[in-house]
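The letters A, B and C name the chains in turn, as written, and every chain counts its residues from 1.
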């Protein structure tokens, strides 16, 4: 290697390795606390490598009958997966029309959709809860939404309010706008139906964007706390974040178990990202970069 | 749309109605309706337990000289003013750094992106351990250099910077990827031409990279402003708004007013103010975006 | 002994049950539990004891996450989806009572309970002259100190006056060069810092509100004295502050901090601590030696919701939860019982014998006063907590408290 390439190689690997350590360090610490016996959590001086490895923290977090983490894990998986899938479907339908068809008030509709992103979630929780309680014909409700509990404490109540969002429509519309439509026009000339254009041409080319948005949506549902909290009673649809919340309280936080739980909650997201990362890098580039 | 044949138009009309109708009606019921309810509630006194009572502009009148709300607005502005430019500068730097075809570059990109996917509550708790004034890692590290221990999250001077540092760590990866995408779309020939013209790397950056990166820049700017104006989880987990209100933010106040004071009318009024500010800011940005040729 | 007591309660409470409401199949009560894992253990035992004595009532315990600010109950109340019974704490009991969410238990024959539980417990559930629940947890705050550290510092005993807190903290502080090995005193952060301040405020004879709760009264001479004591200890390097409660308890156990203000939770922390630590407790002292001591207590209650279809059975259940028979299971987990008679119960006796410090804490409930939790309390917190934090970092006490009182008064007008 020449001196020039040596310098540029060094100029790359030195800083990125240093930054990578900084970015990874909190994860390593999370793992480290998760592997300590509870009394060592506050060990001073702080140590990254535990004095003794308490592998059974992970066992405890899974097997403690009071938390039922296994069930919570499954519930969270259902919540995140179904929500993501439906969101991709519905948002891509709306985005396809908003990006490809000409019709009156198109931009106004688009902007109104986008504006829904600007209101903080916290203020919508109680109105949304009241709506979910009054869904007609569900949970013992009559046609007017009275008499029962609607979608409360059910998977529809947990999942369905979040399956369309202003952001997801916005993101996919940007992507479609940046895609050339020659292919679609050619397909139309060949007699392809409009649904075919959407399903066979538009969606397959949008896989990177769908993967990206899917990741965002999955991650949101996986980490969501307040909505599962208000909508669920008991274990039936209880999610991971709620199960982990029982580890803190007036008697003190059980840090080592909490961090073991946090590792359990973080790993699937990291794994999913590593799996999808090729698509995600491309998806973001078309959705936002151009 | 070169062909304007009848059947195709009818097909488009049917498909367009269904494809737009289902998602939009869904959005109407589960997003727009709650927003309208919040709008309505902002003109009422509503404690969640008793039916709302119309009080006109009363909430908004109280809001303009509510010192706590003004503190929250100021803190939110400080948070935004720090995280947005710093976040953009650092993530752009990161993107420039990893925009190479060297072995391992992809792995590094993944590592830089990892904090983005981690659940915020879990990682915020790790940072709380770092910031612990007596047994935390940061004070231990400072001690090794002979620097006196700091009170971090417990100090009204350092609490906000501490939250900002954590938020930057959490969010850099996302913006980095967006910039990276923008960088990769810039044709290499432009740089070669500039190099032949005798332009140094700094001038190439100023006259080629920055202008061509504008669409990414605007996108990052808009989304960063919207998310940083709505900052909540970090504050809730790490400081609860303290000490001495140094870290309370608009959404944190909305949350407390709604669920602790049971004053949902007032909380809604705060949300409406935030909504209007964000819509105006985004409209301005979208105009900018349109001028820049992005939309 | 236990069986006969249960029998007695069943007979006594049975008299209340409306004839005809008693069906063949057991009545099922929906009960929401929102506690930590530790506390849940006690609740399960209490429910088992109740069901054993009342085979005609079944308690369907559902675990819900309450959220740190009771969001779960509030949201459920917004659309009437509440259980029959749940625990409640803070200003939510009076707020819910005012708005008709709770069942008024006044006519369910709870009058005798009033004499059987400690005053702060009853003060909590008694709102505007009506009874809205039963207390199940009274947590008086007190001084907890590391007795080894105190001996090492040559201090003979816990401070006997408020001013002596400063002297003891000074004596217990240990420095080597520039680093502090031990702070004589430790103040927590956030709400627990506020509670510590409120304790000092009450000990100096101060109050939070004026009589009708329309105005803040913490900017009195007593409030300033409490603030000055706190500020001086911190400024002079004898107290640390801003430590999260978990960390502070730990610091006391390891001897990095000499004294803290805490509740019985410190004893639970001690039981979980792997090394030996000699923790002892003392009341928060009065301004002059021999004066009347005041410990501030927070209280948790069980309430019956107004929409309950089985009010009589629910009343019977919550009533049971306050009896010594049920409370002994809480004592087992190193908590205090809500009535003096709990000391006669089997499990409580055992626990108190093993934990003399807990036995002392139990007696503090006698001289204890209820933390002024009303619907207006949360508004006071929003002004007073930042002020106390500011005082901790050296702000002018009098001016800070006056400013806080002004902002509290402004907020109280909205309530």
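Rule of thumb we're sticking to: contacts are C-beta pairs under 8 Å (C-beta built on N, C-alpha and C of every residue); 3 or more make two chains touch, one makes a residue touch a chain.
What you see is a predicted model, and the numbers here were worked out from it, not measured in a lab.
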More contacts between chains, A-B or A-C: A-B
Relative to chain A, chain with the most remote C-alpha centre: C
Intercentroid distance (Cα basis), chain C paired with chain A, Å: 39
Centre-to-centre distance between chain B and chain A (centres being mean Cα positions), rounded to whole Å: 16
Residues within chain A bordering two or more other chains: 42, 125-126, 130, 255
Interface hub residues of chain C, defined as touching at least two other chains: 67, 71, 75, 78, 247, 250
Residues of chain B touching at least two other chains: 48, 132, 134-135
Residue ranges of chain C in contact with chain B within the complex: 67, 69-71, 74-75, 77-78, 95-96, 99-101, 178-179, 189-191, 240-244, 247, 250-251, 256, 375, 378-379, 382, 385-387, 389-390, 392-393, 407, 410-411, 414-415
Touch list for chain C against partner chain A, complex: 32, 35-40, 62-65, 67, 71-72, 75-76, 78-79, 81, 245-247, 249-250, 265, 268-269, 272-275
Touching residues on chain B, where the partner in the complex is chain C: 47-50, 62, 66-68, 128, 132-135, 143, 148, 151, 153-156, 239-240, 242-245, 256, 259-263, 266
Touching residues on chain A, where the partner in the complex is chain B: 9, 12-13, 15-16, 19-20, 22-24, 26-27, 29-30, 33, 41-46, 90-91, 93-94, 96-98, 101-103, 109, 111, 113-120, 122-128, 130-131, 160-166, 169, 177, 185, 188-189, 193-195, 198, 215, 219, 222-223, 225, 241, 255, 258-259, 262, 265-266, 269-270, 272-274, 277, 280-282, 284-286, 288-290
Contact footprint of chain A on chain B as seen in their complex: 1-3, 8, 11-12, 15-16, 18-20, 22-24, 26-27, 29-35, 37-38, 41, 48, 94, 97-98, 100, 102, 104-106, 108-115, 117-123, 125-127, 129-130, 132, 134-137, 140, 169, 172-173, 177-182, 184-185, 215-216, 219-220, 226, 230, 232, 250-251, 254-255, 258, 264, 267-268, 270-271, 274-275, 278-279, 282, 286, 294-295
